[in-house]
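Okay, got some structures for you below.
Shared between the two complexes below is subunit A, which pairs with subunit B and subunit C, respectively.
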Partner chain A sequence: MFEELFSLWSNPTFQNILFSTTILGAGTGALGCFIFLRKESLLGDTMSHSALPGVVLAFLLTLQRDMLWLALGAFVFSLAGALIINYVIRRTRVDQDAAQAIILSSFFALGVQLLSWVQNNVTANKAGLTHYLFGQAGALTHSDLILIIVVMSLIGVVLILFWNRWVLISFDSLFGKSIGIKTWLWESLLMGIVVLSIVIGISVVGVVLMSALLVAPSAASRQWVQTPKGMILLAAVFGGISGFLGTTISLAQPQIPTGPSIVVTLSFFSLLSLLLSPQRGILARWMLERTFQNSFAQQRMLRNMGRLGELHHDLFVKHKKTTLLTMDDQTQGPHQALEALRLRGLVTRTKENFYALTQKGVDTLKQGNKNGQP
Partner chain B sequence: MVNLELLITALVTALACSLPGTYLVLRKTSLMSDAITHSVLPGIVIGYVLSGSVLGMGPWLGAMVFAMIAVVLVEGLTKTGRIKHDASIGLVFPFLFALGVILATLFAENIHLDTDAILLGELAYIPLDRISLGWWSFPKSLVQMSSVLIVNLSLAALFFKELEITTFDPTYATASRIPARIFHYGLMLVMSLTAVAAFDAVGSVLMVAYVVAPSATAMLLVHQLKPLFFLSFIIATVATFLGYLIAILTDTNIAASIAVMLGIIFFIALVLSPRWGILSLVLRKKSENFNFDLGMLLVHLSHHLGSQTESIECHCDHLAEHMGWPETHAQKVIIEAKKRNYINVEAKFLILNDQGKEAAKKIMLGLWDL
Partner chain C sequence: MLDKAVEIEDLTVAYLGHPALWDVDASIPRGSLSCILGPNGAGKSTLLKAALGLLKISAGRIRLLGQSIQAALPLCSYVPQRSGVDWDFPITVLEVARMGTYGRLGLVRRPGKKETSEAMEALERLQILELANRPIGELSGGQQQRCFLARALVQNAELYFLDEPFQGIDAHSERVIVEMLKDLRSKGKTIVVVHHDLQTVKEYFDYAILLNVRLIDQGPTSQVVTFENLKITYGGTLPFLRENNHV
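Our next item is the complex of A and B:
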């Protein structure tokens, strides 16, 4: 198994692909944090879909499949899509959801229509244009890798240089405006950078799944860390690892397409993070709730037994289990509470279905009555 | 050239999609349609593989199960408060869709879905896949879509009132014992049913246009529920015919051409709508600005009326300078003020008349209606 993997990783062609997807995953993952924090996660989806007509038009104009030209076409159209959406939701009655849905699907449809026209009418080498739908990591060449590295490091430099600005517009754009920062400029610049990364990414994972590369890593990393710096670093790690693992899976199992494989790996990390993170995780939260509920149920049970005992003028009197259960008006686990109290040694079971307070139980109860809680 | 069966199938698809779409748009959850149309894919593939037959109920059941999984996941994730609604949509549907694509490629021999068809549908091949009912044989897709359209129409008619109330005022609905949640999930279920039926014809991305665009366009033009339905049907029909025509003339993908046409109609409505359109917005803004400037002039004149500097401040030639307006704009404002009989002009001096004084007073009290 490991030998197979090792031979996979040492193949120069495969290394090309692996490096490309890893770097792409890391870069888009880091960048995605900003749009995640700005609550514009679906903007990436819209922009990647609306890039399609740009790709096909660029091909029509140049009649060759040069990644740089296709990327330029894609850039123009996704930026146009994003700007139109921004205008429409700010100025008209159409809400954000509807505007995004319409731009996304109608731009994409335009791309499909142009694509079908190209397929029926153009004789130049158009093979591989449809790969922009799902991407084709297998076709990545060394020059593509270099392009990806150049663009991603450029993005990285810009992110680091103007770090404060990006954090500011991600958390409190309005405050930025109030202290005289041209937020619209930085917001547009951020959008431009995001479009740039999308344009590079769609040739690898395709227009449909591109948005996951932006959203999933940040959603995962947000669950583990609390600072923007840490969040972005971790998101880059998640994105990079998923890119690497997803590509490895698809290289080992050639029927599995690379894009979907990366996305499934990424989603796996995100869902796992949402579930298992120690502080914010759904599981941790659920367990905390359970603990609270249990301790409340135990308090109630202890108090009920004490009250019953007072009526009998004997705190150590034996109670029928059914009586105790019906006394608890909450449905939340009186059974378990009784058992837990027995394990803590506050209650004993005298015989089948009969329970009584122990000395320790009575002490705890009295102590609790003094402090307001047992 | 015109293939009637194809045209009718496209039309029925557009109509069937626009019905649940109207409620999605009104509830401001249009992107749930995006999530659902993508998320049904793994269900369809698993359904095909398990039931083995294309005609069986497998894909339908699978699709509905996965659509519900998507809806519950999105809402569940949002409810935990760990990520926002948009992020949970963006997380869930690419995952399920990617899963579906992987399954589709792994079981490629068992099913007739190739990966491009998942996204785009194959409307052109619809007439090839037929079933016979009685003496006639129909395209299978047409029969499916018509049944779904009938189901959608009858559900919409049957629960018109309930859907209206739960859409516009869910709190009131709950107070009057209408289970808003059940209608919400019912709507999602109907959306997924429609999505499976339309999947063969238009694929998952183009379907979003069919679902959202007709009613979003109609919402720019009318403001009541019944006319909204009616108009979105008309828009869907017009777009289908025009899109089909263009696709035939240019020899391009029909489903895409219709979706493009839906987008174009949306933009036309967005620009030209009399009440909400961009054009009327710009014009209204312009006339408001002009009226504001007119008011400024009157206040300016009344302020300097009888003062020492009146001869300078109220001179026609100095106006542009005092108000910071371009010369031509100042001219226009003066002409308008004269036309409305607020001022008299004597030897290039602007003098407020009684009506003008009255108006200036009103403006300063904030009573003037721009």
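Our next item is the complex of A and C:
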């Protein structure tokens, strides 16, 4: 198994693909954090879908599958999609999500229409155009790798250099404006580099799955860290690893396409983060809630036993379990509460299966009455 | 008090053809602790944002500290409404306070030791220094507001604009903030606060602007915060105040 993997990783053609997807994943993962934090995740999706008609039109105009022209078409249409959304939000009462949904589907539909028209009516050079739907990492060449490295480094430098600005426009844009920062300029620049990363990315994973590369790493990373810097680093790591692993899987099993393989790997990390992260994870929250409920149930049980005891003028009187269980009007685990109290030594169980408060239990109860809780 | 920190002339602001402010003439004396009063939708926040050039105005002229908005902006500090930001944003209290230095740091410089110690000092003045390294998501409403005010302090401005700083915060936070504002006033700074709580107006502020899309009245609180004026400003919703002798 390891030998197979090793020979896979040392194959120069495969290395091109592996490096490309890893760097792409890391770069888009880092960049995506700002989209995620600005709550514009759907914007990435809209922009990547909007690129499709641009790609096909660029092909129709040149009748060649020249990477540069196709990228230019994608760039223009992505940007157009984003600008139209901005215009619609500002000038009408249509909300951001509705505007994005409308633009996304209309641009994408137009793209698919153009694409099928090309399939049926153009004969020359059209092969591979459909790969822009789901991407084709297998076709990545060494020059593609260089392009990806250059663009992603550029994005990285811009992110690091103007760090303050990105944090400002993501956290509190209004405050940014009030200290004289041209927020529209920085928002446009951010949009510009997002479009740039989309244009590069869609040839690898396709317009349909591109937004996952931008959003999934930040969603996963947000679960674990509490600072923007940490979040971006971890998102880059998630994105990079997913690119690498996803590509490895699809190289080892050629019938599995690369783009979806990367996205599935990413989803795996996201899901894991949503479930397992120590503070925000579903599991941690569930356990915290259980602990609370448990301790409340124990407090209720102790109090009920005390009240019953007062009625009998004997705090140490033995109670039937069914009595105690029916006294608790809440459904949250009176049975477990009783067991927990027994393990804590506040309650004892007799041979006949009766329950009674111990000295420690009575003390705790009295102490609790003084402090307001047992 | 003749010197004006804020001068607003014939200001009209409209959203999608609907006027939020209509032909407002108002001014704020330099060195005062002033408030803008009015019911919901009266255009209080809009007036604040317009004064700082944060939104497009339909008509009017605004001068801050005797200069144009653009020129005066480095001397101004704006504390937006707390509800305007995402408090689940992954950032610490200290980092938010340090944002107060971004204006003078320029394009690419990061806050260094000097900026950090300034931010720490501000946090201490607002009694949240021990929360410096906490994520802002863990703060209570009052602590969030104090965090925002620490950022404003760090800006070291001449003219402060605060949008509803007392909205939904605890009594202790309110005391700390009022103390800080009075301290700023004693240093000759001018503070403008969008305020909601009529009970505390006279206690906290020395100058008031009463607003309901149009300007109702302005002047020293003791003169303009009268039952008659409030009735015009708020409509017929105020009888309880007269009964309780708050006005």
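Convention: the second predicted complex is superposed on the first by the 372 of 374 C-alpha atoms of A that agree within 3 Å, B and C clash if a C-alpha of one lies under 4 Å from a C-alpha of the other, contacts with A are read in each partner's own complex, and residues count from 1 in each chain.
Following the convention adopted for this analysis, a residue touches a chain if its C-beta (ideal position, glycine included) is under 8 Å from a C-beta of that chain, and two chains touch if they have at least 3 such contacts.
Just so it is clear, the model here is predicted, and its values are computed rather than measured.
In the superposition on chain A, A:Gly180 makes contact with subunit C only, while subunit B stays out of contact range.
Contacts of A:His142 after superposition: neither subunit B nor subunit C is touched. By the touch criterion defined above, A:Val215 reaches subunit B but does not reach subunit C.
With both structures placed on the common chain, the touch criterion links A:Lys366 to neither subunit B nor subunit C. When both complexes are overlaid on chain A, the residue A:Lys39 reaches subunit B and subunit C alike. Residue contacts after overlaying the shared chain place A:Ala101 against subunit B, while subunit C stays out of touching range.
Look at A:Gln255: by the touch rule set out above, it reaches subunit B but stays clear of subunit C.
In the superposition on chain A, contact is made by A:Asp172 with subunit C only, not with subunit B. By the touch criterion defined above, A:Trp163 reaches subunit C but does not reach subunit B. Here subunit B and subunit C are compared by how many residues of subunit A each touches, and B touches more.
Comparing the two interfaces of subunit A, the one with subunit B and the one with subunit C have residues 39, 93, 222 in common. Interface residues of subunit B facing subunit A in the complex, by the touch rule stated above, are 25, 28-31, 33-34, 38, 77, 80, 82-84, 86-91, 94-95, 97-99, 101-102, 105-106, 108, 115-116, 119-120, 205-209, 211-213, 216, 219-220, 247, 250-253, 255-260, 262-264, 266, 270, 276-278, 281.
Those residues of subunit A whose C-beta lies close enough to touch subunit B in the complex are 36, 39-42, 44-45, 49, 88, 91-95, 97-98, 100-110, 112-117, 120-121, 130, 133-134, 208-209, 211-212, 214-216, 218-219, 222-223, 255-257, 259-261, 263-264, 267, 270-271, 274, 280, 282, 285.
Against subunit A, the residues of subunit C that register as touching in their complex are 16, 49, 52, 54, 70, 73-74, 76-78, 80, 84-86, 89-92, 95-96, 99, 102-103, 105, 107-108, 110, 135, 137, 151, 155, 161. Subunit A makes touch with subunit C in their complex at residues 37, 39, 93, 161-165, 167-168, 170-172, 174-181, 222, 225-228, 230-231.
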